[in-house]
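Pasting the structures in now, so scroll down.
You will see subunit A twice below: alongside subunit B first, and alongside subunit C after that.
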Partner chain A sequence: MANDLVLYTEDLIENPSPRVPVVLCLDTSGSMNGDPIRELAQGVAQFYASVFDDEIARYSAEIGIVTFGNAGVQRAADFGPVEQRPNVTLGAGGATPMGEAVCEALELLDERKRQYQEAGVDYYQPWLVLMTDGAPTDDIAAAVHRVGELVRRKKLSVFPIGIGAGADMGTLQQFSPGRTPLRLQGLAFGKFFEWLSASVQRVSASTPGEDVPLDVDGIKGWGSI
Partner chain B sequence: MSHEALQSATLSRWLGVAASARGRGHVSKEQPCQDASAAVLSEGLSVVITSDGAGSARLSDQGAEIAVRLTADLLSRSKPWDDLEALKSSILNGCRTALEMRAGQIGAPAAELAATLSFVAIGGAWCVVGNLGDGLVAGFRNGSPSVLTALAKGEFANETVFLTSRGARARMELTRYPSDAFEAFAIMTDGAAESLYQRRSNTVAPAVGRMLHWLDENSPDVVEKALVDSALPMLLARTRDDCSVGLLRRVSLQREQLATRSREFQQRFLGIGNALGLRNRMAVLEHHLRGASMDEVIEATGLSTRTVRRHREALSTYLPEV
Partner chain C sequence: MGHPLWSGNTRVFVDTCSLMEEASGVFLEHHLVPLVMKHSTPFIVPSSVVGELNRLSSSKRASTAKAARNAKRVVQEALDQGAARIVGEAGDSFPDNLFQAVFTRYRLKYRLILISQDRSLVRDILELNNGASVDRIHGIDAYRLGRYGDPMKWSIDPTHDSGVKYRMPNRRDGFPSVQASRRRNGAAPPTRGPLPAPFARRTRASHLDEAVVRATTIPGEGDTVTDERGRPTRLVSKLGSGGEGVAYSTDRGHVCKVYHPGRLQRFAVEKLRLMTSREVRHPAICWPVSLAFNQAGEPVGYLMPRAEGRELKRSVFIKPLLLKSFPHWTRRQLVQLALSVLDAVRYLHSLNVLLGDINARNILVKSERSVFLVDCDSYQVEGFPCPVGMPPYLAPELHGRQLRSTLRTVEHERFAIATLVFMLLHPGKPPYSHQGGEDPSKNVRKQHFPYPLGEERRSEGVPGGAWRFMWSHLPYYMKEAFHRAFTDGDRLPTEEWIELLGRYDSDLRKGYVSDEAFPSGFKTLNREQAESQGLEWKSCSNCGTGFGAKQPHHTMCSDCAQKRFSKQKAQSSASSRTRSATQSPPRRPSQGQKQSSTRKQSQSNRPRATTPRNQRPPSPQPAQQQGALSAVMKFLNSLFS
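On to the complex of A and B.
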């Protein structure tokens, strides 16, 4: 009956949730050996768990991981639903091919965006989190140019994070024209990923058209300029 | 027209309704509904409009209200819409001026009143479909829907274009169709589109056709109540955003079918506001459909010449042969 003045669930459409793609570009070079790589791995695991625990972010956030150092540049985790938590093992070793890794992270993002577009899935501005405890050992010019262009066109948000006193903050600044890089306090990976998870949750829960400002106060819990 | 033809003649008119509801995201933040909508049904003009205030703009609920109210007025004054570019200018300039004036009164930038705009207007020989931003308009022909303008988003989920945006003129879609090109239209804001529009296939949900059929047998007041009490809550449960829906349908009935409808339906269908007027208009219609002349109608009904003429003129909107 068309005129019973009620709608039925089967007459509605289920569109997929808009996605928040986050790519973690992580330094796993030899200098990260020991506590830093252990704490980083725990932080990443906590990030997955924390996003999964949020009923909205669970279906919105997608996390991809690119590592640079141990075994060169690696796609440690491809994008996918957070509920399929991949088993990410991080080991430290080798040099710091940051430029190549950032380009790989952008490729990973591009591939995912193409998949979203083909499937009719809406998505928010992607995030690139770049974490390093040192300086690049390869040419970063192309990566810096690509990232700068995307940031300028508001196609990418970059979060550059230095780990420890040896992190080259000048290099990180090149990757972040609009945002000052932050230095992690000690090995506060847990607090950083907690903050990152809360930020992803806020974007996931926003209404379309809404600006979601960063939780600047929350940064004080784990970072400093 | 022969007596038999008159007896079987179909009365036809556009009936419409629009409603908005506040989304869970705005309820939890104690923010107002930033959507606005309106249905305007008068002799010679039928309009449904929705507007979605920008989530990031502090006063966009006011912007959406202004956009809806002003666009209805501008469409009415711009008929017969022979020049689409002039109509676009009239709507964009009119809305922007009103938004800037309101912004000036409250000491805020006009961008704080940013809102989208979607509408369908039918008058005379034309219907005009307009869209700026992430609203959606669908038209129905022989029962089949087609998406006429769909969700003009930016690349990202939270990006679109507003009346106050630079480049609004270039991105505003305005299309004119013959008034008989479609038998129904549905418009919606992006919150409602979450459940009523499939992005992947660019199709609207069966629920849209179902809601449009409600107008065949129920007065717009009853359909509006059903939207507010039943349909919109279902949509709100599936999004955090505000939801607005506008429906416009050409309802065609024979005299006998009209007689079986509620008095409220008959009043809205025949465009008459009270019971006495309805009785007189139905009587004039009845006699006309029997082939009575003007004098015969006057004699049979006991109404004045002026009154009969007024009713016949109004009826000519729905039944061209009157």
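On to the complex of A and C.
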């Protein structure tokens, strides 16, 4: 355990690559039980793997995971070196406290930003990937407001994804002032995470002032609007 | 310098090591003796060299003894012919000091030539060409013996390990006899071609014809393209692809970049035609050699030399990858790497080409002396701008500008160069990274360079980690140069960086500065240095080593203090992480917390990263050495007047 702490700090100060923090905010409510949760877990594992495979992304991308549903809101994975892929087990059950989860995800990102600043590590503005298959069971107003503020000030990029026919796209749209939420084709998590890791790589290559040039053609492959 | 190489005013000295070469007899007989006889200036063998040869003749190692006896024999033959003379007396000082003293003394009077295989001696001797008023020096040259006794000329070259390199002498600067022997043996072709005509300098970007060049077919793997001369080239396999196109290896050794459909514009074809009109042959530059055409004769891309090695960003700039690719590297290799890159940059500048987009993905490293600059089609040539740029290399005044239509200036380039040099010496860490910073672009625009410089500039917000140790170990002139560039905005020209890095390389070689690639502590002073700066010499309460206490209450050496500090930081991070998700997080201490407040809490105080004023370690001259030298000088003076 002590070893992990030292590695954790050492990575922050030893690795000079500018970071791209990505927080996955994932729905693990009862309706995800069965195939959906299994596919999602596999997709997440694949995400870690493909980020790891690219040398530049491996040392730039940082992944945090917040789940909502099973056992309320949980920090399933904290930010840290991608090499130490956490064993993320996702279990489905319970309600859909999306509002609380999004707030938690924003907290997680804030903390990480403070750590970057203390260590003098460069970072790009974080990404929030929000995935749900239904509608929220708690009040999302506060979360929507906070997200909106951050996006407007260009301090956050949001990727809202609806899973399956039951996903409430209207809610997702609220979280995404600048970007139309996408509905995942079937359970094509793999393709989505592949696209996500490719996009992460592009971030550090962007010239200042330009928006991150995401490969929209790639999205058409897996999602439908 | 005006003097012909060989005349009555030339004095040639031969060193022990050259005489010990197997082919020394061949060299003397074919090259040196005819010349000195022609001009009646016998070459000089210092008597201390003779003394060395005598000693080595009775060496236990058979090969050494044999070589020494051979050397004595050839010297004797030359003496008998009147082609050589011995100067000095037994008990003269070590030959190296002697050469140094004699060459320094007589460079204003004679043309001096040293024959030696010893790199560091040669370097010191050739450096005597500087200093003193240059026009009064008659010139000092140095040669070594090649394998078969042919003379090869030494010259100063900062990009080389030892600071010197050698090559075959050409017609103007050597032994007339060499041309004949070269025809016999066959000379190797030079690796660098002659400098082509420079491009024109423009102040305004040309109007760019952005019409897309349509091609009926886009070649792929297995297809054939033709070059400007109509020669067919087969695309063998895909090497990689990017936003603009795909790169293929070819059956002729070149790489072919084929643009994606719709990505090749008319102005780009014009630019490539302009670029390929000059033969730019530099081993480190993958300059376009020819446009590439499909079977219908339409331009689809271009051919360039193949690069080797790994991107800086995927090797040197990431510590675990650096250790994997180049495990034995020390600071010297980092400095040499910088010199290798700058050599190519300087070459391009001499052609009036600006790279524009100097970054860690465009520079491939095979070794510290073998680098490859790629993506050369994006360079700024005449009125064609460089359309891209990346933080942290992009000068602050260029952020937000339309790079596609803006011609850069050499000032912009110098910012990128300074940034690159800093990032090579602090592998991967951008200069404007600091505590409280953000993304690389914002950091550059904020212009806060956090590293200290002596007493005048304290560090504020310097990033955690080994970077400040690396900084502290830099020689003062390097730190000063970085401050000029990053604090004062006085961006150094490439030549000056090359000079400074050459000096740094020399200091590393001589052991004046630490050679660790990743130092784990601040530069440490020895007791004498510490006390001369008024620091109290103490024993570390943790490890017991002696150290100079920068503050009266310091009880630990900087290494131990540093370890304690990182451990405490790790513990405080951990305690904030293990909170449960449902609790609201305790407010962390204010963001503006600087290192000083941490110091109050902990018993171990982290020392500030200040630079000791005295950079060089003392190098005393032993008294006896002085005495012997002056005796030799006196004697030699009497011979030369």
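Following the convention adopted for this analysis, the second predicted complex is superposed on the first by the 202 of 225 C-alpha atoms of A that agree within 3 Å, B and C clash if a C-alpha of one lies under 4 Å from a C-alpha of the other, contacts with A are read in each partner's own complex, and residues count from 1 in each chain.
Going forward, a contact is a pair of C-beta atoms (placed from the backbone, for glycine too) under 8 Å apart; a residue touches a chain by one contact, two chains touch by 3 or more.
Note that the structure is a prediction, hence the values are computed from the model and not measured.
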- request: For A:D168, decide between first (touching subunit B), second (touching subunit C), both and neither.
  value: neither
Message: Quick one: is A:E107 in contact with subunit B, with subunit C, with both, or with neither? Answer first, second, both or neither.
response: second
Message: For the overlaid complexes, name the partner, subunit B or subunit C, with more touching residues on subunit A.
response: C
Message: For A:D11 in the superposed arrangement: first (subunit B), second (subunit C), both or neither?
response: first
Task: Could you tell me if A:D138 is touching subunit B, subunit C, both of them or neither one (first, second, both, neither)?
output: neither
Task: Would you sort A:A119 into first (subunit B), second (subunit C), both or neither based on which partner it touches?
output: both
On subunit A, positions contacted by subunit B and by subunit C: 5-6, 8-10, 12-15, 18, 119-125, 205, 207-209
Statement: Per the touch rule above, subunit B residues touching subunit A in the complex are 23, 25-26, 52, 54-57, 134, 153, 155-160, 190-191, 194-201, 205-207, 209-211, 213-214, 216-218, 222-223, 226, 230-231, 234-235, 238, 240-242
Task: Quick one: which bits of subunit A touch subunit B in the complex? Just the residue numbers, please.
output: 2-3, 5-15, 18, 119-125, 155, 205-211
- prompt: Touching subunit A in the complex: which residues of subunit C?
  reply: 313-314, 317-319, 321, 361, 388-392, 394, 399-400, 403, 426-430, 433-441, 443, 450, 461-467, 566-567, 569-571, 573-574, 576-577, 581-582, 585, 588, 591, 593
Complex contacts: residues of subunit A adjacent to subunit C: 5-6, 8-10, 12-18, 55-56, 59, 66, 72-75, 78, 104, 107, 111, 114-115, 117-125, 205, 207-209
